[in-house]
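Structures are listed in the sections that come next.
Look at the two complexes coming up: chain A is in both, with chain B in one and chain C in the other.
Then we have the complex of A and B:
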């Protein structure tokens, strides 16, 4: 962690006083700034807390909690979402355990943040299931730690875990896909768009970045053109085009068939989710390509030349020397791009989708809850923040494990 | 060679794009059904426009473009079901076509996307508080069916301000949403007033409570919704009064694509039939009695039953002759729809344009024969 927060961990009154003196009141100007800042923070915090505990009426969220999490997903099918939640929490616990020691502070912070979420999830069944998911997370984490302690070499397990994440994604889509995508909404839709967008745009971004660095003019021009055009267009325009212009150009029975999945892409099939996903993916890929290009340029040419001198094949050079270093160097920007994609999904309202932010708009149209925007937006912000914060912490952890900035 | 790996990568990229191209291939034909009218219905099986009904029947579901953010007219209830005045008309059309009001998918649309969605064939019918105007009717390639709700811009003031007419606000500050037609209408009606613009109703309400403006103008249906939810700490709904004057015309109703008259007729006459049912006193409750013994020829025609042993009237709409029975059983007559959706947000029907013509309103149905 940062240097400043260290003393707080081994606190005594004496060191605390000295720390405060050295860091907060070292000069008259600093003292004034400290007092002013504390005042501003205090007033803002007081306002938010007073609103949250006294004037806010949280009934709107309690009543509509299912919509916030799964949108119009039918109540008798919600078990599918639960299966996916259990799958993810089990695998997340496993992965965390395999790669690093538990982050007590992060876990505590997230735990505290989850308390308000729990408060809204009244009803024993849901609370029990949520507790079960958390329990599974802890259990699989402990199990993974035990394995790591027991066996020194866990590389095979780690590879298996990465592969099973990809499989889990397909399985999750398969489980959820039994319900028409038209009914997907809330946090569920936001997460699916974000995760699928990240998973799909990442390889596309790598290819575009490599293509942009190509010495083959046609490919280079194509890639540069693609990246610059997409980056020059607002996402909302792309979403609009994917939604309304694309269907005009495609015949109705057309669908993309791959791996046994058939994804209809035409107007009357109304697969708004797929079309929005396509727009988000294509958009994000252009930005990722530029981030990854930065990483590619950071790998010294000499390394590639040396590898060639050793007689390595071009694929091997790419897979073992260039990309690992290039990607590792840009992890912070990559995750930044992923977080931004996660938040950009809130633009899909234009495509007739009701994501987490869309739900805040629709539930305040209910007669009983007109004018309750502040409550629902605060709740949505909390959910968004929990996810974005988790992503950012995960990326910091990844950086530490991979030693970014140390080599 | 240094660039070999780049070529491999490039090859992969080209392969990906090729796969994508296969999926989107043959789009030369797909676009052909526009017939040069610029509003191809995007479903292109035969190249003719008059096929929405056939498409709906083949699909087995109606696709209705709606609003999901207007209290009383189009919103999603706590159970995740679409609900509201406009929604009931969607269900009515599904009932008319399939005999089952549940066979409808609702697509929530933004104001910017709604017309495009209908033009490009994403939806079969648009029932999303869309004002009927000349330019929309002529240049958007869409047709407006009969008006189901006459809205209009009104003015809301504090009850204890003593203001009784819009003219008293001639040079007062008025709260209004930015970038809406309401802003333009205000400038026409009260040119000397001082508009105070806001991005959303929340901030507007706060400013209004703080007394930054004397009047709050918007469509009356919206004002009524806000009024019914006015915070009790500020006096509740009774602290506000909506002035009687309406100074803009906002006729709202269903829209279909131009050039598909058979489908337009179905949408239009389902809406008209709902109004006629009220005129004839047919409700979802007494429907069976009217079916058993219709009071007059027109009632018998409306319900698709025989009057005193005569022939059953065939509407020629291409759907079941007794389609209105399914409609009334599903959503009731106009009065019932209004009572269920609009009355709860506090808009009185008596004396407004939305009363039946017989009661002094504008709801009038051509002869059903």
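Then we have the complex of A and C:
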């Protein structure tokens, strides 16, 4: 295997020719391969460009643009979503600045990615707000960089940022929650489901992983059973279970009688969003548990023994010695799991929710836009892709910064 | 819960309370845990049975409480009722009509799932290996295209991809009236996609038997020629001889057995595809979607595993004069396979589970059939339990098979 080399930075004709010779035409077979690949690329590029600029009618996206982003969220309440967007872009800029070097390539890539989204913006207000959010992102990034340059030690700031992400989640849920859950939709609902699923399933996953590694046989058997059963069935069955069975289990008629006692209980009304969230959380927790278990196994035994020798309690050992090391070792897999959780939220569309995928179904059913599946699906796919791809890139960067595997 | 055992050492002679004994604490904790699980489970189950009772449904028709040994109902009564809905697509030559029972419909769905999963696994493996190797190709263009494919299709939800393949690609193929026939080798239309397939005749068993004989003879010839080559040192071309032996016997016996295998080409007749092997648009869309999506993950696994093989191996092979393909085939892949198999198994399981997304393209797999049955009968609990058990069994079987493969590929000791 020859390691591929990148095009030289200073491209003169001669270096370009040498590069082409080494990387494209090194042997007859290679040359044939290159020509064939070029043909395929040409045909594909031609098709895509012809579709994007000539045969596609993007009117369907422009008309339904609000649907894609917030679903049926009331127009006069959309400012709530904007507050959250501003919050996130500020925090994201801050975090990026605190944790990594200024990435010109990343910024450029993100900018290019957002162009197709910008193309569908209509109205000065939205454009101004979007520009404001981007500006806030850049500003907080620059500010964070300045702080990093100024202070050598930014550990405290980093810890604060992590804590404030959690607080931001609660604040965001509070701000958005003023609108009935059934009106949530589009990318907004997808993001809420994904983020809430991550926040809720993470502690559950840690507990399950600890339970699986526990020395209590009863606890271990319970956790192993849960993890293996959930991992053996498709998410869609859990969604159906949450849809049809869960409400019967925990929406009792006023009282539950068990073992001769009758406990009065007010029936908790679960709407579709909560049901779907329950399924996504229970599902994701089992997978997270397996990832975290890998991390637990990677913590050297000596760490625990040393902690014990210092007289720390079991809980303290877990919280301060074992878990930080275990989680740090598996951060890339954790992010991978979050990405798949994000993609999996699209399945809630069959439970009747209008998440981003659900929106594509309602939009393609509109009389005026019959047969516009290609445009609608490609736009939705692009939105999904931007989020998932940014997450995977962030994880790769994190991996490099943390030097996973080194200690 | 503790990760590491704080094994209790009971200090003899001290008069501590019983509850201070670690063993007692551990025991009590577990009893409490079990009690909590049982109580919560009991409450949920009671709620469920009562609520279902109000709907005149039985929660667990699998459990035969009042009946006799073995207290298990393998076929709850509703599974024997007439299903009353049609299924357009059946696999492996099974027959089904709306007059069949829910149980029959379920089996049809199961076979459909198995068909798409098995074909999908085979194709995704091929695609994944090709792309995974291409990503490491010395040809810059090839590796970039492979990377583009992986990054695009890995980061888009499968459900969106499936709907795209069905509504934008497969359903926009030519209508059946003017479908191209490619000289009888394939029919491509938005109602059916067909390819040539073999037809079997009477003497097939005899011929297969003779094929075994041919194989045995070929092995014998190969061994004889190889030994002769070793003894004399002059080339005896054992492989060619073995191939010739096999072909002569195979072709000869084919006609002796009365040509039991025919070649059936698909053809358009009266706006229907006759002959050959025909696939529905839903099946094709689901298959493409599953293969393209899973292929990205397999490609990444293959790439990672090849990179994990020490560079010295490849260099040593090159020093011995092996070509790129030979290096891959005889040195790198056999070692990489050992790393590949466990995560590959996971991808096979994922593909099987993901085939439940068939509901997005209306392919009648196990889940789709169960959800139709659920809508008609309201038997949510037994049906969901049944579906989950089926998937669990399939997962278990796949893991078992791959476990055997894995053991065979390990370094022989």
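List of remarks:
One rule holds for everything that comes next: the second predicted complex is superposed on the first by the 353 of 407 C-alpha atoms of A that agree within 3 Å, B and C clash if a C-alpha of one lies under 4 Å from a C-alpha of the other, contacts with A are read in each partner's own complex, and residues count from 1 in each chain.
To be clear about the criterion, contacts are C-beta pairs under 8 Å (C-beta built on N, C-alpha and C of every residue); 3 or more make two chains touch, one makes a residue touch a chain.
All figures in this text were calculated on a predicted structure; none of them were measured in a lab.
After superposition on chain A, the partners chain B and chain C collide with one another. In the superposed pair of complexes, A:401 makes contact with neither chain B nor chain C. Of the two partner chains placed by superposition, chain B and chain C are both touched by A:219.
In the superposed model, A:24 makes contact with chain C only, not with chain B.
Once chain A of one complex is fitted onto chain A of the other, the partner contacts of A:43 are absent, as it touches neither chain B nor chain C.
By the touch criterion defined above, A:352 lies against chain B but remains apart from chain C after alignment on the C-alpha atoms of chain A.
Of the two partner chains, both chain B and chain C are touched by A:245. Applying the stated contact rule after C-alpha superposition, one finds that A:127 touches neither chain B nor chain C.
Within the superposed three-chain model, A:160 lies out of touch with both chain B and chain C [touch as defined at top]. Of the two partner chains placed by the overlay, neither chain B nor chain C lies in contact with A:32. The contact surfaces that chain B and chain C form on chain A in the two complexes overlap at residues 207, 210-211, 213-216, 219, 240, 244-245, 248-252, 256, 304, 308, 314, 317-318, 322, 349-350, 364, 373-374.
Residues of chain A that touch chain C in their complex: 1-2, 4, 23-24, 26, 30, 33-34, 37-38, 40-41, 207, 210-211, 213-219, 222, 229, 231-237, 240-241, 244-245, 248-253, 256-259, 296, 301, 304, 308, 314, 317-318, 322, 339, 343-344, 346-347, 349-350, 357, 360, 364, 373-374, 377-378, 380-381, 384-385, 388-389, 392. Residues 63-64, 66-67, 71-75, 180, 182-183, 204, 207-208, 210-211, 213-216, 219, 223, 240, 243-245, 247-252, 254-256, 265, 267-268, 270, 272, 304-305, 308, 314-315, 317-318, 322, 349-352, 354, 358, 361-367, 369-371, 373-374 of chain A are the ones touching chain B in the complex. Interface residues of chain B, counted against chain A in their complex, comprise 1-10, 12-14, 16, 23-24, 26-27, 29-31, 34, 40, 42-45, 55, 59, 63, 65, 68-72, 74-81, 105, 107-110, 112-113, 116-117, 120-122, 200-202, 205, 225-226, 228-229, 231, 344-345. Of all residues in chain C, only 1-6, 26, 29-30, 33-34, 37, 39, 42-48, 50-52, 136-143, 145, 151-152, 154-161, 163-164, 167-168, 306, 314, 332, 349, 353-354, 356-357, 359-360, 367, 371, 374, 380-381, 384, 387-388, 391-392, 395-396 touch chain A in the complex they form.
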